[in-house]
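You will see two complexes here that share chain A, one where it goes with chain B and one where it goes with chain C.
So, the complex of A and B:
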């Protein structure tokens, strides 16, 4: 059971502290930007540009986002003493293995993007968080205000097109477009022509709820995996269009126990179809990976 | 949507629910909460309607509304097309105003 006073406290904290952090620093909580941007330095991604790859730190910080519930009290105490971006070392960090894995994923997403958008850049330490958490928790006014700031932020830096790497960021931009008329064109990297993308392996796909039921990408994802040479095992009752259950990720920030229960249930149904699962979202990966062998699409392909 | 439009949206959307319950068994949150009706999509819609009518307090609804994954799985089964995931986002907005205080 979720404690009611705990929810009230969390709501106030998000409204008063996390939103303030976003307003001041474009980040919901302190994070280690050196870790988050290391992949781009290694890949030699140009800084800035008219077209940018926008990660919103989702792949780099998914383990931290998952433990947001535990993180909130620390965020609150740090905010009270007036620190933020410089204190990443005091917070939960992804492990070295997790950082390495995220780096592989992002380098491949970058390579896919570069094939059809030569010269695509990245904002490195300046990159802002998308604000997805505000929308998901119903802070609509704050979400809209933050969206206006984001649009201005990108325009000042000369950004004319945004390529996103995950469903939550893509959905945030789609919601900004719907709610405030966000005018910068954006696409998810999966929507780009998959030039030279090949891979191998046999998987059951766990569809991200956002990709399959909000952004209508169910067919695109199956076509993409098939064209890349991956063997996909589907079962209409487990992975059919619109049918797939959630990994439990969206509930993680407020109730990690129930979120884990959902992940276990989803992993068991996926296992009944195939021993190894394929995901397209860093939060799906985080939730499911303790219970079933799982890979992200961008780590099993070679662009 | 402004606040007035949010209230109108919540009212018209929650009134579309015919309480058939086709959504209930498809909800991963309901399944993980011991299959209690309170954690079902149908309950979230009913509680939202109750909050607007004044028969349910935000304190009584908050746990149900915040236990939704907003995964939209229930919409697939709904014969009247109630998008509980979107309704929940705006029900949270309503609750946030009441429990965390008005924005800014």
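So, the complex of A and C:
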């Protein structure tokens, strides 16, 4: 049976701490922005611009999002005693190895984007979080309010097109468009022409639920991987569009035990098809990697 | 075999079997599309369709009732039964929803479920794990132990066929002596007052014909405009449940009748003397007026969304538990509609599989998201 009181407690913290922080800082919780933006400095990405690559910190902070349930009570306590801003950025910090890996992924996504959008920029320390967590946890009214502020935020900075790097951010923008008429055009980087993208390896695809079933990218992703030279092993019983299984990520903030069990179950079924899995989402990577060797598409290709 | 291994095997088989059925019988998809439109027409005008259905039932010699909630439904059935003692039931989730079996037993009646899975759930004091396959979590060994309690002659090593035969023998005496039969309804036709029931075991045929009183319980969402639509619903439900063709489709339109003498239709004949249809509101009418929730009323209870759902496959009946007979993605919607309970929705991962496999094309993730929204307003 669902743990009603635990759900209510987490939701209260999300509303009181996360939503408040989003409203004030455009971030769900304080982050070490130097770490989150290091990849862009290294790659020499132009600052700002009409077309921007929007990471929403998903690749940089995925390890933190995975530990959200454990992190939230501490974040909540710090917020209550007014310490969140000063201590938060040290508290919410991925490891060096995680930062390095995220950097590789984002540099490749940037390269793919730049091939068809020369001059694409990045907002660096100013970059706001997408608000995905609000939608996924049912704070629909708050999500809509935040979306209006986000649109204004981008418009003030002259943003005319947004290229997203992950499914959760893309889906947030799609939902803003549907719910509040978000008017800035956006595309996911996987939808751009894959100019010169090549890679190698044999994988079973773990579909992002959002990409395959909500954004209708199931076939596109298979075509893309095939065109890049990757060998993909599909099994209708495990990777079929209607029977695909979640990585457990969305349950992380509410129940990490069930989230982990779901990840383990998914990893086991993927292993029955191929020893190594390919993902397209930073949260899928975080959830599945303890149980099966897994790579992100953007780290096995060379743009 | 663990629950996860079992349900993964069943889910995979069901997914592939339904895909095979739909490929072999493409007219089912056409019927599903048609049915969605017809059911939505009812939902948009539910008050009028309830009225029309009740009038049709009266016209064919039956009795129709509208229960506004669970308690009223129990009271209506109790009043119809009066001092009748032995009741046989076919698998009906509406009865579970209003807690009818336990209520009747508490009134001193002898009540037996006749669907094999439901019977196993009853004799083990359990709770259904799936809307179509209630004892899906019970293997042969556990079933044998349970059946030994009602038939001491059964060995715990008995084959599945021997177990089925033992239950058949036990229930046969109940059918013959039953005072009343209680069923659900897959669809109720507003134009004729006819009730359609799909099954494979033959128990519904016995329950609807042998006792002299037949009581059908149905949520008002089961109403469709015409008898043709009701047959569509039977066909689509069976196909998407992965059991196609179904062994039986039963139609009941009023008490038994005959027109064999002077072509004058009289009632009763061989079958039941009385037919009662108890329509249940229990939150449905309110849901039909909600722009988002109303789509949930299109659900035809095929149970296919359960199999596509990672949370159900992990938690099984523990997800929504005894709060409701409805589980899985559709259960999140129905538990909210009938119990005003938003909390199970928060364990939905929004994998989207439910929307992919739903025959009615219900945007289940969107509705669950809306229900989550109702929950967040309570904290």
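Before moving on, here are some points about what is shown:
Assume the second predicted complex is superposed on the first by the 289 of 303 C-alpha atoms of A that agree within 3 Å, B and C clash if a C-alpha of one lies under 4 Å from a C-alpha of the other, contacts with A are read in each partner's own complex, and residues count from 1 in each chain.
The rule is simple: a contact is a pair of C-beta atoms (placed from the backbone, for glycine too) under 8 Å apart; a residue touches a chain by one contact, two chains touch by 3 or more.
Model, not experiment: these values are computed from the prediction.
Superposition of the two structures on chain A shows chain C clashing with chain B. By the touch criterion stated above, A:236 is placed in contact with chain C alone, chain B being left untouched. Touch criterion not met for A:153: it reaches neither chain B nor chain C.
Contacts of A:246 after superposition: both chain B and chain C are touched.
With both structures placed on the common chain, the touch criterion links A:262 to chain B and to chain C.
Looking at the shared chain after the overlay, A:254 reaches both chain B and chain C. In the superposition on chain A, A:8 contacts both chain B and chain C. In the superposition on chain A, A:135 makes contact with both chain B and chain C. When the two complexes are superposed on chain A, the residues of chain A that touch both chain B and chain C are 1-2, 4, 7-8, 11-12, 15, 135-142, 209, 213-214, 242-246, 248-251, 254-255, 258, 261-262, 265-266. Every residue of chain C that touches chain A in the complex is listed here, in rising order: 4, 8, 11-12, 15-16, 307-308, 310-311, 313-315, 318-321, 323, 343-347, 349-353, 355-357, 365, 369-373, 375-376, 378-379. The touching residues of chain A, when paired with chain C in their complex, are 1-2, 4, 7-8, 11-12, 15, 135-142, 209-210, 212-214, 236-237, 240-246, 248-251, 254-255, 258, 261-262, 265-266, 269. The residues of chain B lying in touch with chain A in their complex are 1, 6, 28-29, 31-33, 59, 62-63, 66-67, 69-73, 75-76, 88-96, 99-101, 103-104. In the complex of the two chains, the chain A residues touching chain B come out as 1-2, 4, 7-8, 11-12, 15-16, 135-142, 179, 209, 213-214, 242-246, 248-251, 254-255, 258, 261-262, 265-266.
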